[in-house]
Amino acid sequence: MAVRALRAAVAGASGYAGGEVLRLLLGHPGIEVGVLTGNSSAGQRLGGLQPHLVPLADRVLAETTAEALAGHDVVFLALPHGQSAAVAEQLGDEVLVVDMGADFRLKDAGDWERFYGSAHAGTWPYGLPELPGGRAALAGSKRIAVPGCYPTAVSLALFPAYAAGLAEPEAVITAASGTSGAGKAAKPHLLGSEVMGSMSPYGVGGGHRHTPEMIQNLSAAAGEPVTVSFTPTLAPMARGILATCSVKARPGTTAQDVRAAYEKAFDDEPFVRLLPEGQWPATASVYGSNAAQIQVAYDGTARRIIAISAIDNLTKGTAGGAVQSMNIALGIPEDTGLSTIGVAP
Amino acid sequence: MAVRALRAAVAGASGYAGGEVLRLLLGHPGIEVGVLTGNSSAGQRLGGLQPHLVPLADRVLAETTAEALAGHDVVFLALPHGQSAAVAEQLGDEVLVVDMGADFRLKDAGDWERFYGSAHAGTWPYGLPELPGGRAALAGSKRIAVPGCYPTAVSLALFPAYAAGLAEPEAVITAASGTSGAGKAAKPHLLGSEVMGSMSPYGVGGGHRHTPEMIQNLSAAAGEPVTVSFTPTLAPMARGILATCSVKARPGTTAQDVRAAYEKAFDDEPFVRLLPEGQWPATASVYGSNAAQIQVAYDGTARRIIAISAIDNLTKGTAGGAVQSMNIALGIPEDTGLSTIGVAP
Amino acid sequence: MAVRALRAAVAGASGYAGGEVLRLLLGHPGIEVGVLTGNSSAGQRLGGLQPHLVPLADRVLAETTAEALAGHDVVFLALPHGQSAAVAEQLGDEVLVVDMGADFRLKDAGDWERFYGSAHAGTWPYGLPELPGGRAALAGSKRIAVPGCYPTAVSLALFPAYAAGLAEPEAVITAASGTSGAGKAAKPHLLGSEVMGSMSPYGVGGGHRHTPEMIQNLSAAAGEPVTVSFTPTLAPMARGILATCSVKARPGTTAQDVRAAYEKAFDDEPFVRLLPEGQWPATASVYGSNAAQIQVAYDGTARRIIAISAIDNLTKGTAGGAVQSMNIALGIPEDTGLSTIGVAP
Amino acid sequence: MAVRALRAAVAGASGYAGGEVLRLLLGHPGIEVGVLTGNSSAGQRLGGLQPHLVPLADRVLAETTAEALAGHDVVFLALPHGQSAAVAEQLGDEVLVVDMGADFRLKDAGDWERFYGSAHAGTWPYGLPELPGGRAALAGSKRIAVPGCYPTAVSLALFPAYAAGLAEPEAVITAASGTSGAGKAAKPHLLGSEVMGSMSPYGVGGGHRHTPEMIQNLSAAAGEPVTVSFTPTLAPMARGILATCSVKARPGTTAQDVRAAYEKAFDDEPFVRLLPEGQWPATASVYGSNAAQIQVAYDGTARRIIAISAIDNLTKGTAGGAVQSMNIALGIPEDTGLSTIGVAP
């Protein structure tokens, strides 16, 4: 472990992504938690905003400025989309900046502009180490774009099928997410009274901003353009994503081919667990952990591969993926401060 | 309304389907609740088994025998799969028998044997009035096979696209169900501790028993064989099904074609509501009601039609569909004793 | 039933109390739903605000003004505290005004000013018919103050013990409420992400505004001043109140005395069910119904009476109690449009 | 830390308490997980029983016998009540035995027999270090009786008031528990369909087995006999206890006295956090952590002290308390392998 702990700042410490990265950093032996910043919450005690982070209860949030964030080895950005670039460019090239927002995820400027409606800020190394070439892109980097939570769940579930050449390039995906994926801003449709006991879709028909990111990842794995029809749904739970991903198998594909492709992809992965045949992922099993649980079935009648993943949207889907990628960038063991053990039941 | 109330018995009154049909029958002005029967619960007061059915609290369950069920105008069967036929054949042809189990849903004996592992009992008129020809098949019938909850949700969502010739014959479906769909038998994976905060799939890859029923309905609507890749998931809620159904559009299909097909299918339906464009179904909106809420989107990029339905699995998906079909069979107004109003929030 | 349906307006139709009273009025054979009004939601379709109220989906909300509410036989007010008086005085003495807010509940102006911080508007007949003298106060009245949800639950649970002279005048009460009791205004601590999986108290130590209303009811039943120590808690469910009420028994009290007092209080009540001994209330059993389920135990060791009630906070606790009281005021059968049957599971 | 890791066995590894102690031991640097045993689950892989414990997925459960448990430094017993004594006496005096069942908690044999209906096995040092004298009793011990989850929550909330002589000896307590407190055995009333959306009490009127344990702890703190009127309720969440504890203040008590007593009791405690005034505990804040959050209010009108605690019933309430007590018994830092940081939201 590092002789000297590195100091990490968190911009946007009052939100769910910021809170989760702090939860993980408090258990990371190589990191010392530095300055915390907020926007409307600047000046408040963290204890009132994130009452579960007991060791930081008396910390007071600073305003999110370059001055406040200066002097750290690592800066985590948990800011609204479109705000990371302005902060990042003031931080200096020697600082490791980990952006948990969307700004630097997409390679195609046109995609960015179409889905986010603003000018494209650029592209940073992508924080999903399990993808082909993923670790190499992160090693030693000073900038990391943490993937979206849905693209993490979906890309892990489907890239093995595409990388092995087993799937037709049209993916049909439905994912259920816990409400924390929608953030902490108070909106009527996110009230407990509205979401408890209810499942509902949103962004149906291609409009969700995570769609181009999935296309980018799966097309890279396939070596050809893949279309994605993605339907997200809101589930009555605080955390977790269950992604059900269906692709037509190429002619001649067998169940053994499919299993072999997934075993090859994940056998050496520290955080991805391909379940034994017959066992299915559940979001409860990865609650609060950095693990992804994956299972895949081949439906010979419909000739389709159905791959299903379960992650914690805030951990592996956001802050855990961020810490995992940070570890790689810093050259320390990838699982430092992270766990595959969920909090269940 | 009927001058004389008809007497209805319920076999299997201690379970969720039995309890729900009793809840509805208590509000039905043409029905008087007759004998209630159970298996292991015979001899017990209903008040201890179904404490929400206050007016029937002091009723005691009889054993499920032909003698106990004799002398009624209508008999609802809420029995485990495979037990309805033996009871039904003792009830006489003049009694209206409404089977909420699976026994008489499938037309193809081979499908039945493959999915249920026993001899096929036969095929009864199918209790989904909204399907093409659905009402005609039920009018005056003395036998009704109530559809499965998933097939109800899925068939309502997709038959308009198939009936209008807009969809390729390969349907990809993910559905989230509340836990009451799994019944009241105590199993560890259905404990509250296990399901709260968790989403998980089951029966992936073609194995769910409701799949051949969906194929039967959608193929009939399409006039050609349709394949169905169906993935059910268990959601942390007691009631409700949200079905996300995706089909490739035939070349030349437009968004207007799709909308028009759904408007035509549902404009005169008392219990199916095609939502205004931009509004999406939520299971909370149909909680305890016999309504189905439907929305459909056309994704031009992926050239797919995504149709989504929300129903209450116990009401429209089981007992409400049963009462609706009974009304048609009896020749009384179809919405008698039923409501489109959900209990929300 | 009334030869001519009476027209009822609802002011505040976009909120939870307004939505619930509409749900009930749609099933009331003597009422026709008239004008609906809102504040910030004026001009919007009800279908987007209350998607479960399908028959009213195309209604558009008017602004809450005396003009909009004029010309109705009954006006339900579901307004923020302090706004009812100004509206009510413009409505005319011949209109039945049912206030689901707090403004006219308290008899003591000092209590009102202390807990609500504004001038006391007055006192209207109190809409809890089950209290001693409750129905007489409502019969023929043109003004009704609907009780708070907690006072309904607590008063029903404890007034029999006080009315029978069995209890010392110090009540200790803890109640768990579903989140709909906190209303539809979006606040961070009411987000689904915050409330799912969590129990938390609020207003501890005597500060909750419903406390003086409980004191008023219990002191009236006791014929002497009763003190109330009330702790409300927020539970991870949309609806329901479970009130656990504990009082020291007067010397010489027996378990039989206690049981007899509760049987006497409730044996003829249409909406209150004293459960058989050994069975305990559950909020699920009264979901969406106007029933209250009550059980009482006598702990001889601690010499305490523990009375527990379960109600649906939006139905018996607000809108159902409002309709029940309206029925009495109008002289129509008290249970018209109301049910004791819960939606369960 | 220990030079050599100690080997710990867990008897009853398939249940909730066993799973939770394994979750914690996997993160404990001084412990190596040894043999795992079960009863009906013997012979099964842990991965199918506890899918969140990924590192132990391939472990197979042995039968619970003295032979299987031999050769360990520490043995955790997570067995049904009444089974620990027979196992413990075969384990040898040099083995540290930590019983998470009830068998050795009570000092009074009569209490045991009255509430558990069997012969009293004895009394072991009690694993609640925060009680007066608690650590001294555990230091160096080879036997630990882990408290019940409710007594942990209640004793922490109330002992400071009693130890400071501020409270009359009659405690009135209501507590809401997550369903995991009822264990993993499948019972109909614990099904997700039954508990979601519902609050219900049980064991009302003095019958809950945890009552004599609370009386034992509070009487010891008070130096006089304390009566406890305890009402447990089941809440729709998997984990967590919120205990609302009310006691009459002795004459002359001030709010300052109360605050001072609680500050004195908890200022040096590593796992108990007395919240700043105005902030209230929530079970979500301690989810998966060993922390207890406490707040206390003084209601001058009713002259009552209301103390409220939130714990995770499986962590601080069972397995975390077990590990904390084990650390003390072993003479290693008390917080080894434990955290005060909850998993929220």
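Note that the chains take the letters A, B, C and D in the order they are written out, and that residue 1 is the start of every chain.
To be clear about the criterion, contacts are C-beta pairs under 8 Å (C-beta built on N, C-alpha and C of every residue); 3 or more make two chains touch, one makes a residue touch a chain.
Note that this is a predicted model, so its numbers are computed, not measured.
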Pick the pair with more C-beta contacts: A-D or A-C?
A-D
Could you work out which chain's C-alpha centre is the most distant one from the centre of chain A?
C
Self-contact between copies chain A and chain B, residue sets same or different by half
same
Whole-Å gap separating chain A and chain D, where each centre is the average of the chain's CA atoms
35
Roughly how many whole angstrom separate the Cα centroids of chain A and chain C?
45
Could you check chain C for residues that touch two or more other chains and list them?
16, 178, 180, 184, 191, 193-194, 196-197, 236-239, 282, 284-285, 287, 345
Specify the contact topology among the chains shown, as one of line, ring, star, complete or other.
complete
Residues of chain D defined as touching chain B within the complex:
16, 178-180, 182, 184-188, 190-197, 236-238
Please name which positions on chain A make contact with chain B in the complex.
170, 172, 174, 176, 178, 191, 193-194, 196-202, 204-206, 227-229, 231, 233, 235-240, 242, 244, 246, 248, 280-285, 287, 295, 297-302, 304, 306, 308, 310, 345
Going by the contact rule at the top, pick out the chain B residues touching chain C in the complex.
16, 19, 23, 26-27, 47-48, 50-55, 57, 180, 184, 196-197, 238-239, 273, 275-276, 279, 282, 284-289, 291, 293, 339-345
